[in-house]
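In what comes next, subunit A is part of two complexes: it sits with subunit B in the first one and with subunit C in the second one.
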Partner chain A sequence: MTITRLWAALLIGPLLLCTLCFFVLPFALLAVTGQGYMDVLHDPYYWRIFAYTLEISAVVTAGCLLIAYPIAYYLIFIAPGRTLRRVIFIIVIAPLFTSNIVRSFGWIIILGRNGVINNALYDLGLIEKKLQLLYTDFSVVVGLIYIMTPFMVLSLSSVLQKIEPSLREAAKDLGASPPVAFIKVTLPLSMPGIVAGSLIVFTLTMGAYVTPSVMSGGKSTVMSMLIYQQYAVSINYPLGAVLAIALLAGSLVVVGLYLMAVRGVEARYKPLEASAK
Partner chain B sequence: MIEIKSLSKVYGQFRALDDVSLFVEEGEFIALLGPSGCGKTTLLRSIAGFVQPDGGSISISGRSMLGQPPNKRPVNTVFQNYALFPHYSVANNVAFGPRRQRLPVQEIKQRVQEALTAVGMSDFASRFPSQLSGGQQQRVALARAIVNRPKVLLLDEPLGALDLKLRKQLQLELSKLHKTLGITFIFVTHDQEEALVMADRVAVMSRGKILQLGKPDEIYDHPSSRYVASFVGESTLLRCDVGQDGRVVLEANGAVLPAQLAGIWRNGQSLMIRPENIAVGPAVGPDETAVEGVVASVAFLGSTRRVHLELANREVAIVDIPGTGPKPELGQALTVHWHGAKATFVSD
Partner chain C sequence: MSRLAVKVMALLGLAFLLIPLLIIIAVSVTETDYLAFPPVGFTLKWYSAFLTDAEYIKPLVTSGVLALLSTLVALILGVPAALALERSHLEGRRFLSALFLSPLILPGIVVGAGVLQLASQMGWSRSFLALLLGHVVIITPYIVRTTLASLADIGPSTEEAARDLGATATQAFWYVTLPTIKPGVIAGALFAAIISWVNVEVSIFNTTADLMTLPVKLFNDVQFQLGPVISAVSAATIFLAVVIVVFVDIAFGLDRFAVGER
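Then we have the complex of A and B:
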């Protein structure tokens, strides 16, 4: 079925108009009229928070990848039978049906001073003093990884699914042990999934607000919390706007650098004129 | 060389391999021929190591292959869909095997060059699989397998996806390659012509069993069963019976079979004659037999016309008549005959 230009315009139009009126225009207005860019740029405090946000996001992205890859691999290549595969899929997706806030509070019960982990370790006599698990960088990272992993699993499994089983067989047939077959064939062919999944997780984490604020207990601050403070606590709208734009620009730069690096890796595998026959 | 003894494999209720035994000589070209689901691919994949058989044994050069993973077997496979690595260039695809063997760089280069030259693809070394046609991909897949100098090359319907002309050409090239390399080839196909043209011996398979194993002309001239006769080439199959006077006769018209044929007939066997051995006209002399029928279809094959005759008992005789003569009309009555020496018996 082909869609005429008019239909396309009618279908896309309302959403486009909405985005334009209520997001792009106000945002552009803010960006142009925003004041105090220089103040923000020259204040190491904001740089530190941006660096901290970046660091958390990078760790969360890497953590998600390490956790999600085995899940996706098992789901696509190993899980026997369609039923089991579906059950795993549902288990992976199910958390997305619950609010972030509820799920973050769940971690308080697990990580808290009198939480499941501390009590278990204490009662077993493995620790003498309760560990400070909650309200640390660790809890922030754990909470975010938990929230973000489904996105990584989904994007990885959709790419792994498209890898012809005969390619892995061919690798083994040509003398590759299973680990070598993975490194030489499956891993490079799953790069698009790794890239897409990392981008989704990274950008979502850079802008995440609820989980970091609940899991840090206010002891550390990420950019989104800082922005919230400007709007809701300090009522300093201009600074909030400038910080929001700084976060966006900063994220874009990091994503751009990442994509450039990925392209460099991929160029070793793919020809420049890959589409030419 | 390859010894396969009473191999079996069951998937649920389905017997993919049912007590299959096969001995292959060094340097032989064996074709596994049969319709889809007959077990030929399962047999090939068992030799490659991708299928774990439920029973039986496989050994290559006296070494048992059971429990050996695919990467530890002296065999290489050419896959049905080629299975070229899309992220490697042609040269890197071919070098994949030698690199796993940790050969010196110089030798890898030389071997890759040789293998690509052998399949006529040396000019395409830096291309990527997505830039090649089906036939070219097929050649690269072949080079990638033979570069490892395996004891056995397994080919899983390698020509199935190619058009007829290219297929014929690659059949010839494969035969040539087999002769120059001296490697044992095991070739899976459902195309009987392909099997007859290329193989030293053909194993006709059905329902997980090897029905007949023999040289192409043996299989064609003396099929062991109705099934083999009808799967390999076309044939007229006529049921026989014992007449009132104790002589062996055709069920279709009661024609008496020549004495030397009647002597080897066993109860339940049918008479089989290939279309090219049947001619129009009545029988002359005691060694010839004739049947009468009605023309049911005529197919033009170029030099000949293939005529299907429906006999009185609804059996069908298939006859090749010269393409230059007049075309038989549908519904026309026709008498055809053959010489007894050109006929053979097949079991049900």
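Then we have the complex of A and C:
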């Protein structure tokens, strides 16, 4: 059944109007009210914060990949029975349904000066002075990896699930050991999941506000914290708007570069995929 | 061997996901008036403190109403639009889909700042309306996406069969299309409501001491006054999340819901 053009316009109209008024217009407003683009571009202070945000996002993306891949692999290929798989899905998704703030709070209890780790190490006599774990780069990264891992697991498992079982069996039949089969067959075929998951995690981390604020205790600053400060503390909307646009532009550039790099890698794997089919 | 290694790594990863939530729940029943893990004794007094404290109940109600209303608006806007995008030959459909889904990849803080600036230009900043519109913007894509996916899954052929058998377009929609996409739409609506329910980044620009959402309230408290009441509130939201996730699992099968989701 196809819908006539008139009906389509009527059905799409309200959402289009809403999107234009409350999504596109605010952006135009940000771009227009922003003042001092050049000052921001020439100030090393902002570049340092941008570089720090990038660095954190890259480390978090890599960390998520390392933690999520075994979970997704186990979930799709090894976990016996649907019940166990459903339990794993519940464990992966339930955190997504609680706020970032609640989940960061858990890490405050674990990493704090009188937190779970410090108390345990101290009671065991392994340390004499409490370690500064919370409010460091380490806690920011751990907190963000924790928030983002479910997204990576979901991206990876949706791709792993689509891999033709016969390809993995063929590799085994042809005498490939499990590690070789993994590197030559499963890993290349899961590239789309790795790419999609990394993109989601990276862009979400670049824009993350709650977790870095709570886990850094204000001792370090990422772009989103800087933007919020302009609106809530310094009441400097024009500067806040410039920084918001800069964050957006910066993450788009990085995503673009990443996709270009991925295309290069994919071109190398394409022949393999084609010969497998 | 390598299977065992993967299994161990996967279980460690799952423990990593689970332990912080379990620790919050454990801390919420401590009898001490500071955060203690392992908890000392067992008490539910922090839960009753939370449930009798207007400081928490008001934001709780605000967040609940906000999540329900914004999901309702998002459904009214998103489902018809997705239907038209999937089943018409309108020019620029791909562009419109991309436009409607683009709030998904934008930092919430940028959306929040934009809505605040627009609202203050128009004189309704820091109002419930500003909160509602901000939430509608960020959650509608979830509904558009799941509805598009459900429509693409079933394809147009059953609707065409209904039309061939004499159903009007409206009848075909109500009796054929809607029942088949219903699970997808409900799942999308649930996800959208959750995104609204847990949001801090967009809300924080338009909240005040009197107009507060629960996540923003918790965000302020965690930075300035840590205590067992916060762990009771947090634990309560975890229980709610688990109930919803288990419900989704029983109703739709979480594995299908999740893997179709991203």
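The rule is short, and it goes like this: the second predicted complex is superposed on the first by the 255 of 277 C-alpha atoms of A that agree within 3 Å, B and C clash if a C-alpha of one lies under 4 Å from a C-alpha of the other, contacts with A are read in each partner's own complex, and residues count from 1 in each chain.
We adopt the following convention: a contact is a pair of C-beta atoms (placed from the backbone, for glycine too) under 8 Å apart; a residue touches a chain by one contact, two chains touch by 3 or more.
A quick note: this is a predicted structure, and the numbers were derived from the prediction, not measured.
In the superposed pair of complexes, A:V60 makes contact with neither subunit B nor subunit C. Taking subunit B and subunit C in turn and counting the residues of subunit A each one touches, the greater count comes from C.
Contact with subunit B, but none with subunit C, is seen for A:V185 once the two complexes are overlaid on the shared chain.
In the superposition on chain A, contact is made by A:A176 with subunit B only, not with subunit C. When both complexes are overlaid on chain A, the residue A:S155 reaches subunit C alone and has no touch with subunit B.
By the document's definition of touching, of the two partners only subunit B reaches A:S166; subunit C does not. In the superposed model, A:S99 lies in contact with subunit C only, and not with subunit B. Shared contact residues on subunit A (touching subunit B in one structure, subunit C in the other): 178. Subunit A contributes residues 1-5, 7-9, 11-12, 14-16, 18-19, 22-27, 29-30, 33, 67-68, 70-71, 73-75, 78, 82, 85-86, 88-110, 112, 115-116, 119, 146, 149-151, 154-155, 157-158, 161, 178-179, 182, 196, 200, 203, 206-210, 213-214, 217, 224, 227-228, 231-232, 237, 240-241, 244, 247-248, 251 to its touches with subunit C in the complex. For subunit C in complex with subunit A, the residues that touch the partner chain are 2-3, 6-7, 9-11, 13-14, 16-21, 23-24, 27, 35, 37, 76-78, 80-81, 83-85, 87-90, 96, 99-100, 102-103, 105-111, 113-118, 121, 133-134, 136-137, 140, 144, 156, 159-160, 162-163, 169, 172, 177, 194, 197-201, 204-205, 214-215, 218-219, 222-223, 226, 230-231, 234, 237-238, 240-242, 244-246, 249, 253-255, 258-262.
Across the complex, subunit A is touched by residues 48-50, 69-71, 75-77, 79-81, 83-89, 96-97, 100-101, 127-128, 130-131, 144-145, 148 of subunit B. The part of subunit A that touches subunit B in the complex is made up of residues 164, 166-167, 169-178, 180-181, 184-185, 188-189, 269-271, 273-277.
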